[in-house]
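Chain naming follows the written order as A, B, C and D, and within any one chain the residues start at number 1.
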Amino acid sequence: MSATRTKTFEAPVKLAIESGGVSFKNPILTASGTFGYAREFERLTDLSELGGVVTKGISPKPRFGNATPRICETASGMLNSIGLENVGVEGFEKDKLPFLRQCGSRVLVNFFGTTVDEYVECGARLAALDGVDALEMNVSCPNIKAGGIEFGTDPRVLGELVRACRAVVKKPLWVKLTPNTADIVALAKACADNGADALSIINTISGMAIDARTRRPKIATIFGGLSGPAIKPIALRMVYQVKRAGVPLPISGIGGIQDATDVIEFFLAGASTVQVGTQSFVDPDASGGIVRALAARLVADGITDVRELVGALRVG
Amino acid sequence: MSATRTKTFEAPVKLAIESGGVSFKNPILTASGTFGYAREFERLTDLSELGGVVTKGISPKPRFGNATPRICETASGMLNSIGLENVGVEGFEKDKLPFLRQCGSRVLVNFFGTTVDEYVECGARLAALDGVDALEMNVSCPNIKAGGIEFGTDPRVLGELVRACRAVVKKPLWVKLTPNTADIVALAKACADNGADALSIINTISGMAIDARTRRPKIATIFGGLSGPAIKPIALRMVYQVKRAGVPLPISGIGGIQDATDVIEFFLAGASTVQVGTQSFVDPDASGGIVRALAARLVADGITDVRELVGALRVG
Amino acid sequence: MRYFDARLDENRSLGGGYFVLGLAGCESLSAAKPGQFVMIRGDWQRDPLLPRAFSLMSIGPDGRAEVLAKTVGRGTQMLERTLPGATIHVLGPLGTAFPEPQADVVDLLVAGGVGLPPMYMQAAWAAERKVAAQSEVLYGGRGAADIVLTEDMKAMGVGLHVTTEDGSVGTKGLVTVALEERLEVHRKAGRSVRVMGCGPNGMLWAIGRIAREREVPCFISLEEQMACGIGVCLGCAIPARSRPFRYVCSNGPVFDAADVLDVKPAP
Amino acid sequence: MRYFDARLDENRSLGGGYFVLGLAGCESLSAAKPGQFVMIRGDWQRDPLLPRAFSLMSIGPDGRAEVLAKTVGRGTQMLERTLPGATIHVLGPLGTAFPEPQADVVDLLVAGGVGLPPMYMQAAWAAERKVAAQSEVLYGGRGAADIVLTEDMKAMGVGLHVTTEDGSVGTKGLVTVALEERLEVHRKAGRSVRVMGCGPNGMLWAIGRIAREREVPCFISLEEQMACGIGVCLGCAIPARSRPFRYVCSNGPVFDAADVLDVKPAP
């Protein structure tokens, strides 16, 4: 494998890309919540191969997460309701960041809150940490001051949240959009108009599974987030809609990515980086394997720079 | 098989159900656009076993449908952009209805238009036809007078459309909701408030697929409707949300149904009939098989009346 | 007609991604004619979801059918890995067939790559009807790996002209060139000729045009992505002359080239 | 550690939906201990998507591993149908193990249905360490079909007490009753005892309580739905005493019953 790996980096193809204020050695990132704090993968993959790592979502205080069961499998996908369990800002700085700093790839910290103030506090504190290359805002969280409606579903609310965080976050600020909307473009524009540096598209889709034997929901919280290959067609559509609408932000494509072909599809639709999520559960070495396969594939197709692919979909 | 079949009908379990103004011998219907006009299945299944048949969507005038390619497979699902190809009201009455009248199961006619007037005209003419048991309104169509936004995505627009059709449709009027929304409950309420008799949940989800080799969308219209098991968790969630919100209409559950277990899941979530779609492509005899398997399953579980299952999900 | 369970009794690799599936228990296909196809699905879960269409290559009196497949995607990948003894779900025979071989007409059977099965079966039919001498298989591929089962066809007593783009076997060049040559030969000899073809759609359009120029009847077996295979999903539509759209599964796959050739898609 | 490709060299049905998979090429599992598990995925497409956890039942010096499975859902259905020769993707060894057999302690190994593998491997370990006489397997199931591989265990020289709910084989009743009896016997004899268990969580809670009453150490192998098996997805959480949650894949699957028994789930 090391052979392949060396080959990758010597390959006559440029995978490096600058996107959303961060320069990556390649466009393959790991999606938040599916790669822990990277250390979990230390002996399961070569972290230095990755373009970047997006951490588990961080909140100001530690959270223990939801009741169990928390996950179940669905057709070509899975539902999860982990409940944003995380170590909190302090725990992150003390226990997780030191390892991340030297893992050899870019570090993007996903964060969230339950009020605008929490978001602002969390964003400001994380951005101030040395070794954090960028922040990714998870806006798929219930706004407890607004009866639990997700921040990310109303363009106006979303825009204000982004502006508030933008004011205090001195590092690149990415916003991760929820797909639980009729108009992804309106959400994207709200982010662009309020100073976001990039968009991550998409987060999980709200879904439900039932055990016919026990007559109970398969996960304790009834509803969970759908991820995996099942949602790829929806994710590709949303990435392309935002790109086609001319929203002036780079896109990190997310949703069901399993291999280099999937990566190319998201690039053609308009993404300039991608994030591998559920597939890291199927194969902890998936992202590294995709980096290697992508390089080989581009060489075979005579493509010298991965950036040629961004938005290169042929229509009509 | 005839053995099984007889067994089914003699089985000590009641599958008959009255829902949305129609009395069905069992709750298994075939979903619009996946069962043609039933005659296509004459030699491929026993039509008299089915609770009901929902026809291909009918418009006032015949339509030839979209450019090709029109379909592609996705993970545990498929995308389609058939373009609502259909024979029109006249062609339906002349060429299709006579067979449907004597096929031995309930006939629900799915219909649509591109303006409110077209919907009203189409609904009125179809409802007047003898042999039509109910109408199902497909509101996932671009409103050409409103810049192509789907009628079904705005509760106010949807409500007016339903009221207008309700005024002229003297038969049961079902409305088939689009899942491309952030708030399925608001759409459901708009239908209930304006005189609908039942809700069909869900239609296909907007999606996209790309061929990395050719760099082209896999279907000619770029976007298509996602169906199949991949969407079942989203469909179940929407059925349950509408049920839990207390919307006072019976629900026909649709989305990825492949077997009797899936049917039971939709019933537990709140559906009182279900519609089998894409699975009829995988196995033209699927719906009949589900009727037989459902009867056997309920007998095995000691359930004497399928209605016991409606909304019987155990939570908390 | 229902899906029935066939038993995979052989999965023979021919190299180059080509493999032959032997299916036992296909008595109900015994009346199938060359060009007709079956929908096939292995005994797996929900991905790949849809059955795949495969032209029949042979169906014996013993109810044993054979199909030839080439691995290009998920369905063929799964089938290539399926080991003998497995259950395969089969629906068919479906679709239209090629016209019957005749004693007084020369049939030029043009096969491109994995488009061989219907032509192979048509040649076998001609042999069975003792008119093999009237049939010639013109068989083209990229390279030697795309040319399979030639011994079988020679044994049938039909003519066989192989072409490959890289010249690794047979004549170097496109099969359409061979077609023109053979048409010219038979024209000079004053024989009445029919052209039949199965292969990449691009090749089919080419032979259709050639046949049109020379005013010889031409029948081609088209491919489109299919979901149902039974005329319901309307997914396999192709623009046609006789109607805005025809359906590969129910109006085809074998079409009179005149009806589908160079038809501008409806807007 | 990476997923590696093992070759399925045997797929032996034991009836009642139980089957043993023989996996060649598992040299990297050779240090695995009883209770540890592997994540397994067959060579199929995107459904079932996630790998499945299987406790190891044996791992030989020849690098051949065995797992025992029972068909309940899509993953085991696919594995049950997989024919010898197929490739199986394997990650492991993962998780915690049961404590080492000892000469001066009696180990009561309680197995329920498909929970047998770790107890089977523990018994084999005891035999290997020449302390088989100190181990007793208490093996319960619904009926005769749930009781497999008993001859193997007798051959190891461990004690074996079989119970079935329907009495079709062994003593009629629950395995927990047998456990109480054996604990009483050993108490009277003044022997120090450890209880280890693997099976349905319900059974595990029961034996945990029994052990707690009698103040004997108890180790149980828990099950939870898993996605990753490596401590990342946080899906396999269970409420614990030492922390709000423990993770079956990374903190377990073998837990000291005291840490996980009767813990009220965090609100």
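FYI, a contact is a pair of C-beta atoms (placed from the backbone, for glycine too) under 8 Å apart; a residue touches a chain by one contact, two chains touch by 3 or more.
Being a predicted model, the structure only gives us computed values, none of them experimental.
Under the contact definition, chain A and chain D share the contacting chains B, C.
Among the remaining chains, C is positioned farthest from chain A, on the basis of C-alpha centroids. Taking A-C and B-C together, the pair of chains sharing more C-beta contacts is B-C. Distance from the chain C centre to the chain D centre is 53 Å, each centre being the mean of its Cα atoms.
Each chain gets a centre from the mean of its Cα atoms; for chain A and chain C, those two points are 46 Å apart. Once the centre of each chain is set as its mean CA position, chain A and chain B turn out to be 35 Å apart. Within chain D, the positions touching two or more other chains are listed as 46-48, 74. In chain A, the residues that reach two or more other chains under the touch definition are 75-77, 228-229.
With chains as nodes and touching pairs as edges, the resulting graph is complete, every pair of chains being joined.
Residues 75-76, 229 of chain B are the ones touching chain D in the complex. Contact residues on chain A toward chain B in their complex (touch as defined above): 74-77, 79, 153, 180-182, 205-210, 212, 214-217, 222-223, 226, 228-234, 236-237, 240, 256, 261, 264-265, 268-269, 312-315. Contacts from chain C toward chain D in the complex involve residues 43-48, 74, 77-78, 81, 83-86.
Contact residues on chain B toward chain C in their complex (touch as defined above): 1, 33-36, 40-41, 43-45, 64-65, 67-73, 75-78, 80, 82, 85, 228-229, 258, 278, 280-285.
The touching residues of chain D, counted against chain B in their complex, run 46-47.
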